[in-house]
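There are two complexes below, and they share subunit A, which is joined by subunit B in the first and by subunit C in the second.
The block that comes next holds the complex of A and B.
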């Protein structure tokens, strides 16, 4: 019965979204069929298009996993964006400081360092929350601004490439790159890293005693305290892992795509990751699926813009509406479904 | 024509019936008891009447009309009101704000508070439900909060009131004043359905009793034509055995739990006076006292949930003062809290996970660093068997178990693994007589096995029945410790009221 209600709710959401897209497409004066066909062709029509979906999904999966791990323990991490940048700083510093490292070691160390940098960025609000009860929501957001501007300062000063007038770091050594998977597409091994991280998070959260403690703390921290489960330790730990995963996302953007530190490596991945985690119901598998979906939405809308002249903003509008509908689903559709069933 | 007639009601959860062909008839001007073991389906039946759940089959006639409420709002509109087992007041609002919450009072959205308070005062005088409309709910005692819940229903003009285990959280005195209110309600033309596990209460205030067992009707009888024994038999299918507290076994050497001069000061206020107590292995020390006199503090200080400010706590030879909760539990202390939803259970986790709260670090459940689901399942299945826990599945979130079955799971968890000491705080709150009997037997069994038990209970009878020694607590201080033999009840009553032995002559 509940399944039925759920399914109906999601169908209703899909219908509403479709309706809104049609209206928007008509409003900008485009042809609906052309728009939709170019949307689908953008995603499935070419090898390149499809690989782009995976490329964009990579940071979303990693950061989304991070947000999900935090949510499970009751740590609301809005700071994935900043943590992504910290990961990017980590690999840049490593690549420039030790350019002679062999590739395997370099990439391994970069991931580790990115994890630690991102983790530290989120463990600070984690400690403030666990020890003093200060809202992590505000603190993580504030740290986003600090991280963004920290990158701005770094690429103009210590990490600046002296041979160019632009604010960016020198190219990193080739050893600091993820292998390409499907040349000539941009797909890189970061996608595999993301999938591996999803498996690791699943095992950690659902199979280990530590993950059990983290979940329990997220659901009832008082009972955990009474049972002797250290609430403080678990919040701090989950904050660290949460930020660390987002940090790895930042490492991947540099190692897989940009190969140097620049401003704006993330078009808001850290914020979209919150949506991804929400859509994926904080479950690793859900996060992977949601990240692919969100990424496909974006790639499709790009193609729609090219072929049918529909602005890509439509993708953002759809995503925003989707989140509102999902959050309001229970109260919106619960009663209608009941009505339908009773008649 | 009866006020309410529920006929052949069916309800199943996940394919498991909670109500099967249940019938209930409530007359005008009647106090009707709904009696039954934990998990018999009482709350479920009431929730269907109140529109929280929808029935699978059957019909409800209310005032001669066929009704199907789709929400509590609907039910309230038909003048039916329910006070849940767990209250639903907003602690940061005043009594009067809570009562009018969600209603469009005259002057909405700027209600004339003074007029409303006047109205509330009238209701509270008419039914002798004393309460100050301007007080903050967070400052009220449990008994007062319950009065607010009842006024809330009367303010909405309820004619049929449903009270789900109203006395489970009340002191005997508070229960008495609740009954005065209920009788008053009956005189004023209301009908009341009351769910309770306490048979003496049923005998003293109800007119009719309907008994459920395993989701089915067992009987409906007039209170005047039945007896406590018969009701007990209806309820659990057999007669109740009196607690046979045998003499405690000769105590094993030494002391198990010892508190010396333990104090607790929080925010500059003394919560626990210097307390010195000791419990020997194989003995039960009962702590009697009016609820809220430092029992919770005492229990939590021993467990390490709160840190005591001075003094020292020993378990056997081990000094507990510097240890955390987990370390103390690993030394063999089990804890049964009085507030299971907040302190003992993670409601959204299933039975297996709730048992794991204590055992998730034990080697036997871990293979290659991962939790071994199969072993955990087996262990849970064993506990469910041994403690007769009624559930539709091991994967069922504990939220959906009846209160009594939740408590049994906690017992199974805390009593596992031969504990050396059990802190049992209101261990039978909300339990049916059969389950209470079971808990008492378990406590006695552990005692005979050499476990030291500290039992804190507001139910004096329970303390008298089980304890080898009785200590009386008042305002965080131990008034006296007595051997449980030929106890002078007036003396205990005086101690509970804070009058010391040396003042006794003066008072009497």
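The block that comes next holds the complex of A and C.
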């Protein structure tokens, strides 16, 4: 019965979103069928379009997994955006400092270094939260801005390519690239890295004692404290892994797409990752599906803008409304979740 | 002192205050909200909505006062959605705020494109002129910076004074703090926890909307996609740096404003330090201040926690 009502709630949300889309499309004087068909054609209509969905989903999966791991212990990581940039800095520094490394070693080290850089960026607010009870929300936001500006400084000073007047680093050696998967498209091995990370996170969270402790801490940290589960250690560890995964997302954007450090490699992936994690209910499989869905929404809306003249900002509207409705659905469509929890 | 230096200093101070004003307004709003126990990281959405609706109204009517009201209403609409979803539906307040940031960014861009189309020349409105206060404005350096400003600057200062009285000298202020620190005790003492929180959220929306309206009505005179560009997040930082004290919030906003003003000045002077060094400065300062004030947490105990009367 509860399942039925849950399903009904989600159907209602889907119907509301569809209605809003139709109203928005009509508001700009466009044709609804044409808009929807161009939306779908943008995603499924061509090989390239579909590969773009996977390309954009790659950083969302990784950063989304990171946010989800943090959520498991109650660490609300709004800082994935900054951690992505730290990962990008990591691979750039490595590639420029040791250009002679063989490809396998280079990529492996880059992923490791990106994980550590991103992890450090997130472990600081993690320690502040676990040790001193300082809210991580604002700290992680502040670290986003510091990271963003740090990249701005680096590409104008120490990491600047002296032969160009633009703020960007020199090209990284070819060894610091992910292999391309389907040559004319932009799809790169980073997507496989993201899927592997999803499996690793699943094993960690659901198949190891550490994962069990993390989930327990997130559900009731006081009970854990009394039962002898180290709360501090688990929050700090999950914060580190959380930032580390976002760091790998940053490594992937450089190794797979840009091949040099530039500003603006992430159009808000770190913030969208939080929504991805929420939609995926902090479960690795859910995160992968949600990341693909959000990415498809963006790719489809680009095509809708080209073909039917509907502004791409419709994607943001739908995404934001979806999250608000999902959060509010307990009250809107009967409180089934609450009943389940109480039983 | 030589004349150019004085002139530079005056314009620098004046620019600092102009940059700080919208942050002060939005920061004060968020302070009220957080004191009641509701953290809303959707200040960005509140400001953007305020900016958009004030622009639209002034563009249609030419009346700046109506524009201000529309901006405040636009901000309040966003904060009330946040309040309902987080207080009534007891959702995670941080995520709701974040989602609203996306929703309003999309909505304002969409409506703006729909109303004005793709234009290369942005539609613009007349901006509100500064008011010259006689005699005081003739004090060297400070006079022009402090007493030749627009009405919002004076309003922000009045609000800082008013709120510091409200928070610490009135019974309402005590109630507000009680609801944020210990809602159960407040409830037992007969305070209406959720009503007070709704009112605090409303105040947040009105002030944040005013901050957004300021950007359009005074500073820019036009609207564009993502006009606020992170100012709402900066306002959140001023709340932390200012330790939720009205004077502190204004001080923090001035630090951020000074860093921004300095950055623009140095850029035009062609100094070879990347401007990002200065943009980073307020955040680094805030983190350092946080590290030094460790152990004296000033967060309201019930910040971000919905109050459930029938639960233990």
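Following the convention adopted for this analysis, the second predicted complex is superposed on the first by the 334 of 343 C-alpha atoms of A that agree within 3 Å, B and C clash if a C-alpha of one lies under 4 Å from a C-alpha of the other, contacts with A are read in each partner's own complex, and residues count from 1 in each chain.
Here is the rule we go by: a contact is a pair of C-beta atoms (placed from the backbone, for glycine too) under 8 Å apart; a residue touches a chain by one contact, two chains touch by 3 or more.
Just so you know, these numbers come straight off a predicted model, no measurement behind them.
Participant: Under the superposition described at the top, does placing subunit B and subunit C together on subunit A give a clash or a fit?
Facilitator: clash
Participant: Between subunit B (first) and subunit C (second), which, if any, makes contact with A:132: first, second, both or neither?
Facilitator: second
Participant: Per the contact definition in the header, classify A:7: touching subunit B only (first), subunit C only (second), both, or neither.
Facilitator: A:7: touches no partner chain.
Participant: Figure out whether A:26 sits in contact with subunit B (first) or subunit C (second), or with both, or with neither.
Facilitator: Touch partners of A:26: none, neither subunit B nor subunit C.
Participant: Considering only touches as defined above, state whether A:15 meets subunit B (first), subunit C (second), both or neither.
Facilitator: Neither partner.
Participant: Tell me which partner A:171 touches in the superposition: subunit B (first), subunit C (second), both or neither.
Facilitator: After superposing on A, A:171 lies clear of both subunit B and subunit C.
Participant: With both structures placed on chain A, which of the two partners, subunit B or subunit C, ends up touching more residues of subunit A?
Facilitator: C
Participant: Going by the contact rule set out at the top, does A:199 touch subunit B (first), subunit C (second), both, or neither?
Facilitator: neither
Participant: Clash with subunit C: which of subunit B's stretches 37-45, 73-81, 91-99 or 181-189?
Facilitator: 91-99
Participant: Once bound in the complex, which stretches of subunit A touch subunit B?
Facilitator: For this pair, the touching residues of subunit A are 203, 207-209, 212-213, 215-216, 219-220, 222-230, 338.
Participant: Under the definition above, what is the set of subunit C residues touching subunit A in their complex?
Facilitator: 39, 41, 81, 84-85, 88-92, 94-96, 98-107, 109-110, 113-114, 225, 230, 233-234, 236-237, 239-240, 274-277, 279-280, 283-284, 286-287, 290, 294-295, 297, 299, 303-304
Participant: Per the contact definition, I'd like the list of subunit A residues that touch subunit C in the complex.
Facilitator: Answer in residue numbers: 24, 27-28, 76, 78, 128, 132-135, 137-139, 141-143, 145-146, 149-150, 152-153, 156-157, 271-272, 274-275, 278, 311, 313-321, 323-324, 327-332.
Participant: Mind listing the subunit B positions that touch subunit A in their complex?
Facilitator: So the residues of subunit B touching subunit A come out as 70, 303-305, 324-329, 335, 337, 342-349, 353, 356-358, 360-361, 366, 369-371.
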